[in-house]
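Shared between the two complexes below is chain A, which has chain B as its partner in the first and chain C in the second.
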Partner chain A sequence: MSTEYSFFLGCIMPNRYPAIESTTRFVLDKLGIEVKEMEKAGCCPAPGVFRSFNKPDWMVAAARNIAIAESNGADILTVCNGCFGTLFEVNHALKHDDELKKKVNARLKDLGYHVEASGEVKHIAQVLGFDIGPTEIRDYIKREVALTGVIHYGCHFLRPFTLKQIDDPEDPTILEDYFIDGLGIELLDYRRKHACCGAGGGVRAAHIEASMDMLYEKMAAVKQVPAQALLDICPFCHLQFDGGQQTLNKQRGTDFDIPIIHISQITAFAMGMDDIGMKYQATAPDFKLEGRPL
Partner chain B sequence: MSGTRYKAPPSVRTPLEKDPEIEEALIKAGFDPNLCMQCGTCTASCLSGRWTAMRTREIMRKAAFGDESVLSDPDIWLCTTCYACYDRCPRDLKVTDAIIVLRNIASERGFIADKHRKTVDILHKTGHAVPINDKIKAIRKELGLPEIPPTAFAYPEEVRKMAQMLFILPPKHEDEEDTQ
Partner chain C sequence: MSKKEDTKKKPRIGVFVCHCGENIAAMVDVKSVAEYARTLPNVEFSTDYMFMCSKQGIQLIQDAVKEHNLDRTVVASCSHEQHWPTFAKAISDLGMNPHMHTQVNIREWDSWVTDDREAATAKAKRMVAAGVARAAQKEEVGTEKLPITKRSMVIGGGVAGLRAAMDLAELGIPVVLVEKETSIGGHMTMLNKTFPTDECPMCTLSPLLNGVMSHPNIEVLTLSEVTNLEGSMGNFEVEVTTKPRYVHDNCTSCGRCAEVCPVEVKNEWDHGFGMRKAAYKPFPQALPSVFTIDMRHCIDCGSCVIACPVEAIDFSMKKEKRTFKVGTIVVATGYEEYDPTEITAYHYEHPDVITQMQAERMFSPTTLTKGKIVRPSNGQVPKTVVVVQCVGSRNDQVGNEYCTGVCCMYGIKNSRFIKEHLPDTEVFFCYIDIRTPGLHYEEYYKRAQKTGIRFIRGRPSSIEPDPLSDKLIVDVEDTLTHTPYEIMADLVILSAGMVPPKGFGKLGGKLGLLRAKEGFAKEYHIKMGPVKSSRDGIFLAGAIQGPKDITQSVGHAGGAASAAAQPLVRGYLEKRMDTAVIDKDLCTSCMACIATCPIGAIVVGEAGQPVVNDAACKSCGACVPACPTGAIQIRNFRDRQLNAEVSALLSAAKAGGSNE
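Our next item is the complex of A and B:
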């Protein structure tokens, strides 16, 4: 495991769920991982919308972010499936295609950057769940989390499998192992566990009805099991679940009220942080996590 | 928009009327049109298709035939890029990537929803797709974070340079539906 990372903030985390940022910084600090700021980094850019308009431009903008991390001399860490999807894919493409790298660099020059694609792009769920792992994380936590929850992987952490090769996207266990064995959480299965949240691909931006239909299916399945909270690993899924439950309640008369907790937030709680910023969220702002002695 | 949008019945096309740009882009994206056997695994995997009129297999058939009507069809924009079809296609075709390139050609020809155009405007102005606001600034301060993250926000000159070079969208196609 690396002892330092270039922390890629992206858009939704710092600008909608800053508590995910502060808890991530807390967790990295406790793990002894040094954070290198990525000055001037922009949008990843989002793999749904921006890649759809112009894939070559999307690559240049992503390569610019990768170049910023390279000038730090430290691999990229993201806490978002969308940012991971973009930065991983572009980094991978540049690594394996010298012609493409030349083309991208020719355009990057006008922006004042140069990319080598010599480093790696990591997701926090991979660092916590695999690099550190469920056994070693117990050396860092101060308490277990007394919670019965459900989990949502989101799409771009594991898919496309040929590219990511982290875990089997049809039946993964990386998060189950981490939350159950590492943090002492009880997890329940539910019918649409591996389904998309419905936000990606620019669908939430332009086709909100369809996006809410997909979210409804997911939340209705969650409601069938007695879960106290839904755990996720992506601020965009987080926004869809947290804000979307309120949209559904308002527009369709549902009564969804499931607190949404990001892997950084729940890990920070296990490491001793009491206020993980639930009060800033739209759904279940009064929700309090309970601890259990190790 | 979703669910209850009925489409005109399929028209008969002569196979020679191919839009060559479509075929070329599909092959480059890892979707050889001749390899798609129309099994429908992609449609069966598609969560979006369960709730909307989008049928992935149908999109891939039209695209494979070089049928340009696929480009103006808003259905190609209902894909959430979940990659379920991509990972499951028995012919290993890069279905999601094919949809992305179809969207690229559609965009080039001016088929872009107004709401998507707005996202690009925000990116051009701030360097981010989701910009900060006063409420979040206050929360960031409470959490002990810098009020404004040290990203492109703080460097307007960088944002301007990117805006001049990236995602310059063509004007709206005359047939593009108004999505406002």
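Our next item is the complex of A and C:
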């Protein structure tokens, strides 16, 4: 594991959920990982929509971000499945295709950048759940989290498996191991656990009705079990679950009220941070996490 | 004296250019090639003809040989492999040595791979020039009759192996049948019914089983594996290792040992649906009808020894190695059912997710459920069953691109069986395509449709245990109606494909067999040699050559037996001697050739020098460049013969102004 990372912020986190950013910085600090800022970093750009319409430009824009991280001399860290999807995939493609790298660099030259794809792209859930792992994280936490929750993996964290090889995307356990063994959380299985949140791939922007149908099915399945909160690893899923529950309540008369907590937030809480920004969220702003002594 | 004169005599060569219909003539100006041939040295006659391989074409060659007193022929047509034997026979019928014929391949190597008529014609001329030069240098090679051992070995005692053993034995050939399990019969004995007639497999198989066991020409070795092989076609020496059964043949199969045995374990034969003792017979009709002591689980209590009324149990039995001399070998090691564990989205570890082979056992009356269809997790009758096709076949993700070909039929068979026994149970059949080729198969499918089975065209994306109940959630889209389904299933049956048996690599290596990329043993030719293996004298029967149903396996095995019997019935091996030959004066006995020969055809002779086993030599030529003194040469592929061919090719290219 690296002791320093270029921190890629992305779009949703700094604009909608700054608490995810502050808790991530808190967690990295506690772990002794140095954060290097990425000057002039742009949009990742989103792996679903942008790539589908214009793959070459998508690659160049992503490569520019990778080039910025490389000039820091540190691997990239993301806290978002979407950013992870794009940056990982482009980095991988550049690593294994010299022709492509030449073409991309020819276009980056005008912008004053050069990409080598010599580094790695990592997701915070991978750093916490695998690089540090559920056993070692206990050296850093101050309390266990007294919570019965459910989890949501999201899309680009584990797929495509042949490239990422983090965990089996059909039946993963990396987050369960981390939350249960590492943070002391009790997890419940629920129907549609591995179903999509309904936001990605431009669905939320283009087909809000379909997006809300998917969210409804997912949240209805969550409500069937006595979970106190839903844990996720991606700000876009976070936005869909947090804001979407309110949309559903307004438009369809449902009474969803499940607090949504990002892996950085809950890890920061376990490390001793009391205010993890729940009060800024749309759903269950009054929710308070309970600690349990180690 | 006279021999030397013969070789110095000026050759008289005839060149025959074939049109092969349009195959060659459309791209090559055959007339100009024939005319060109006449200008080449030693050519006395040349012509072209539509089909040289036809009766008339052969007659034309024979007439020309007689009329022009030719002593060598060159036919420019297709490959050596395809028609050299045809034309060699044509001249040998006239009393000439067949090796005086030379084949030039202007089809596969020229007309079929070129789209420029002028270039193709020029190339054909160069090739004919080279062929003529080679023909002039050719030597007469004899054919030897080699003695063989009139006995065959069949490896694998499933339905294919049994059929092959029986067919060989009925031709009067002594057969050794080697089976690694305790009993013969293989997968067929595990089945509940067979399609398309819904017959009882044991009823149809047992005459063959009993016939093989009691046939005077067949020696059955169970608990046995082939552990080494030496020699070549006609004279193999096979080492067979037999594991101890710890029960002598005087066992009367009374079963007292099993009654008193305190150890109960899962019966492999029942795939999780039956138990057995450490003293056991895997199924009631098992042959040989002798119990076996499973030493891995035996606790050495001695109860069985005391209980046995005929004192058949003997713990002092040891592993035995025996060597058999056989002329031919039939490999019939069958297949294995694909293990779906790696498709994690299907949760095969769940007790209510089973394979078709497990379903066959559950439906059989001799296992734990006594033939009742139940959910293994709780013993209750399933109300909803989902059958999933193409598990581990037609699946790039697990590396099995091929279609197993039999799963549609057995999947339909078992779906029907459930529907007939439990009419109120919903049966969903999820498939990619229904493949029912062959007589009575499509009819079988149509009858199944009428029983109310719900056929869904779609491969389930996941089969997950429901966290809120004891059901399984099957997610599948009906791609004909674009309807997503979420089926709450009580029982899921996976139609797992057929894969090569584990451990075949070891046996295949010992036998020196080539394997296809899918892992099955590679046949010699997919159309014309489906029962021949890559090695002379070893034949393939049944599913080891590729997935097959019982009908196909039995037919294939019959073919293998007939092919394996041919040399043994004839009584000798005819071997063309265009093999490697060692010049004793040049040989320094460095043994480099022995190290190079890929099939072990060169051995150390009595005087300590390398000797070629003519029967085994495949004339591949690997030994030739390995020899530091040029002592080893292949007859008719000697350096001087190849040099003549290459020189002629180059000078023809030069003369034709070719820049190649």
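The working rule: the second predicted complex is superposed on the first by the 294 of 294 C-alpha atoms of A that agree within 3 Å, B and C clash if a C-alpha of one lies under 4 Å from a C-alpha of the other, contacts with A are read in each partner's own complex, and residues count from 1 in each chain.
In this section, a residue touches a chain if its C-beta (ideal position, glycine included) is under 8 Å from a C-beta of that chain, and two chains touch if they have at least 3 such contacts.
The structure displayed is predicted, hence computed values, not measured ones.
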{"item": "First (chain B), second (chain C), both or neither touched by A:Met214", "value": "first"}
{"item": "First (chain B), second (chain C), both or neither touched by A:Gln251", "value": "neither"}
{"item": "Which of chain B and chain C A:Val225 touches, first, second, both or neither", "value": "second"}
{"item": "Contacts of A:Leu188 with chain B and chain C, given as first, second, both or neither", "value": "second"}
{"item": "Partner contacting more residues of chain A (chain B vs chain C)", "value": "B"}
{"item": "Contacts of A:Asp171 with chain B and chain C, given as first, second, both or neither", "value": "second"}
{"item": "Touched partner set for A:Phe50, first chain B, second chain C, both or neither", "value": "first"}
{"item": "Which superposed partner A:Gly198 touches (first chain B, second chain C, both, neither)", "value": "first"}
{"item": "Residues of chain A contacting chain B in one complex and chain C in the other", "value": "170"}
{"item": "Interface residues, chain C side, partner chain A - complex", "value": "343-345, 347, 462, 464, 466-468, 473"}
{"item": "Chain A - residues contacting chain C, complex", "value": "168, 170-171, 188-191, 193-194, 224-225"}
{"item": "Sites on chain B touched by chain A in the complex", "value": "1-3, 47-48, 50-52, 74, 77-84, 86-87, 94, 96, 100-101, 103-104, 107, 112-113, 115-116, 119-120, 123, 127-133, 136, 139-140, 143-145, 149-152, 154-155, 158-159, 161-162, 165-167, 169, 179"}
{"item": "Chain B partner contacts - residues on chain A that touch it in the complex", "value": "9, 11-12, 14-16, 18-19, 21-22, 25, 37-43, 45-55, 57, 60-61, 64, 85, 107, 110-112, 155-156, 159-162, 169-170, 195-196, 198-203, 205-207, 209-211, 213-214, 217, 277, 280"}
